[in-house]
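Everything on this sheet refers to the single structure shown next.
For reference, chains read A, B, C and D in written order, and residue numbers begin at 1 within each chain.
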Amino acid sequence: VQAQDPDFERRVRDSFARQSVMRLLGASLAEVGPGTTTIVLPYRADLAQQDGFVHAGVLSTVADSAGGYAGYTLMPAGSRVLTTEYKMHFLAPAKGERFLATATVVKPGRTLTVCEMRVLAEQGGERKLVALGTQTLICLRPDAAP
Amino acid sequence: VQAQDPDFERRVRDSFARQSVMRLLGASLAEVGPGTTTIVLPYRADLAQQDGFVHAGVLSTVADSAGGYAGYTLMPAGSRVLTTEYKMHFLAPAKGERFLATATVVKPGRTLTVCEMRVLAEQGGERKLVALGTQTLICLRPDAAP
Amino acid sequence: VQAQDPDFERRVRDSFARQSVMRLLGASLAEVGPGTTTIVLPYRADLAQQDGFVHAGVLSTVADSAGGYAGYTLMPAGSRVLTTEYKMHFLAPAKGERFLATATVVKPGRTLTVCEMRVLAEQGGERKLVALGTQTLICLRPDAAP
Amino acid sequence: VQAQDPDFERRVRDSFARQSVMRLLGASLAEVGPGTTTIVLPYRADLAQQDGFVHAGVLSTVADSAGGYAGYTLMPAGSRVLTTEYKMHFLAPAKGERFLATATVVKPGRTLTVCEMRVLAEQGGERKLVALGTQTLICLRPDAAP
């Protein structure tokens, strides 16, 4: 895939910087390429569910942003992106030192874009798939009627 | 529906109190009944995505916990609950003074339970549906093989 | 909800009549109202999976059409409707004399519409919920660019 | 992945042969390997939705069976398999001479197995991705309590 906006990375990083919840969670945008991004989330005890693992919703939050920005890399300058729906499977307890949420665009589109997301847990140098899902994004184009 | 464990509310509230991410987000468990719970999330600027609305993943986090605990009300004492998957639709921008995530069990089961979740945004005394979804839970029973 | 096209029922029934797979499965469009439809599917042995129950995909096929036409009732004359994604849960074995797939629009929209679908199995005068799901539809408007 | 039952292919093919709906649709089980299967569906006009393309539910039916049998290859002799839920995205109109639904196990488990499914349309020697999704299966083990 190729991005139509040569300045896509700056546009994506600017938008990510405005997602205040990413700061709250301690997540950072590690990689940005055409149709793909990776967000890194270090483990913190205050992200946990009742058993001490990272809450499924927190994994979903970084996976959703990774997907949204993977899609946004391919959208035109001046556009906005919104998630219309996503689904996540949780395959193993989210234990690890940090988590990597990687998303890739499966089908870019003028209006709708579909992404796949995978979340890996990293522990002692090993990586394990702990969650995966799919997502639909809508592009609100700069020329669209309100 | 009827809960088999008469002490279900205390069990659910104890577990919720151990979900440290709920404190991080400022969410509280408002209602607990057999097969249903409601979690309340007041708006905070640090829960936002790039446009200032509450992040879809944050809505999902409270909806997922609401569903998990709705299912957990019907599970036996000594059991544990995990989300195996969920899907959420985002129907309108999550703007409001606070958000109410209500979940209800659609199908309880010995092993798997299916829930529906709805998130309402409350603003100026009015409520609007902003997200809905469905979820699968697995019950890890006290008598289960490891 | 109110349909903007007063002739919505004829438009929906004409489109349903062109879905040749509905004839193959023996499904018929029982009810059409603003934002809702019901499709009826009598049991047939040649609709079964390996255990003799109706295949999950067949239930999904009628649920998907029920949802698509529930959404289509609210779309303008001259538009077309497509499913962009759906998810279905299967709650109990699909045994019964006939099955009723009912869909309702949760959120109509200019571009995207979200529906809920439920499939009931009818046996000996009793009805049981066997499947439920949610769906996203896209409206291709008559005035849209190709 | 490795199958624990050396006779998995015969077991899967026997079960597929009992899915009478596969004969109704004209689908056949092309490939069976440990953790993966492919089902082939030739185009037929009586599988169509209102625009003449194969109905999304028909694509889902073969994708669901492909996933179910991908998971079943890894389950023990004497077990049964059921789909508990799946989600499908429809990326492009299902036009083609035939369709190939390929599923692979992402996470096998004692009780639950998660699969990914992809449906390709084949036309004039070219293949195009038209649908993708994810699925949860449950294994009913021969030693399980009723």
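Simple rule for what comes next: a contact is a pair of C-beta atoms (placed from the backbone, for glycine too) under 8 Å apart; a residue touches a chain by one contact, two chains touch by 3 or more.
None of these values were measured; they are calculated from a predicted model.
Participant: Identify the chains in contact with subunit C as well as subunit D, in label order.
Facilitator: A, B
Participant: So which chain is the furthest away from subunit A, centre to centre on CA atoms?
Facilitator: In terms of C-alpha centroids, the chain at the greatest distance from subunit A is C.
Participant: Between subunit A and subunit C, what's the gap in Å when you average each chain's C-alpha atoms?
Facilitator: One centre to the other, that is 32 Å.
Participant: How many angstrom lie between the centres of subunit B and subunit C, each centre taken as the mean Cα position?
Facilitator: 28
Participant: What whole-number Å value describes the gap between the mean CA coordinates of subunit A and subunit B?
Facilitator: That gives a centre separation of 22 Å.
Participant: In subunit C, what residues contact two or more other chains?
Facilitator: Subunit C, residues with two or more chain partners: 84-85, 87, 89, 114, 134, 136.
Participant: State the interface residues of subunit A toward subunit C in the complex, per the touch definition above.
Facilitator: By the definition above, subunit A touches subunit C via 84-85, 87, 111-112, 114, 134, 136, 138.
Participant: Which part of subunit A faces subunit D closely enough to touch in the complex?
Facilitator: Touching subunit D from subunit A are residues 87, 89, 91-92, 106-107, 114, 116, 129, 132-134, 136.
Participant: Which of the residues in subunit A come into contact with subunit B in the complex?
Facilitator: Result: residues 15-16, 18-21, 23-24, 45-51, 55-58, 60-65, 80, 82-90 of subunit A touch subunit B.
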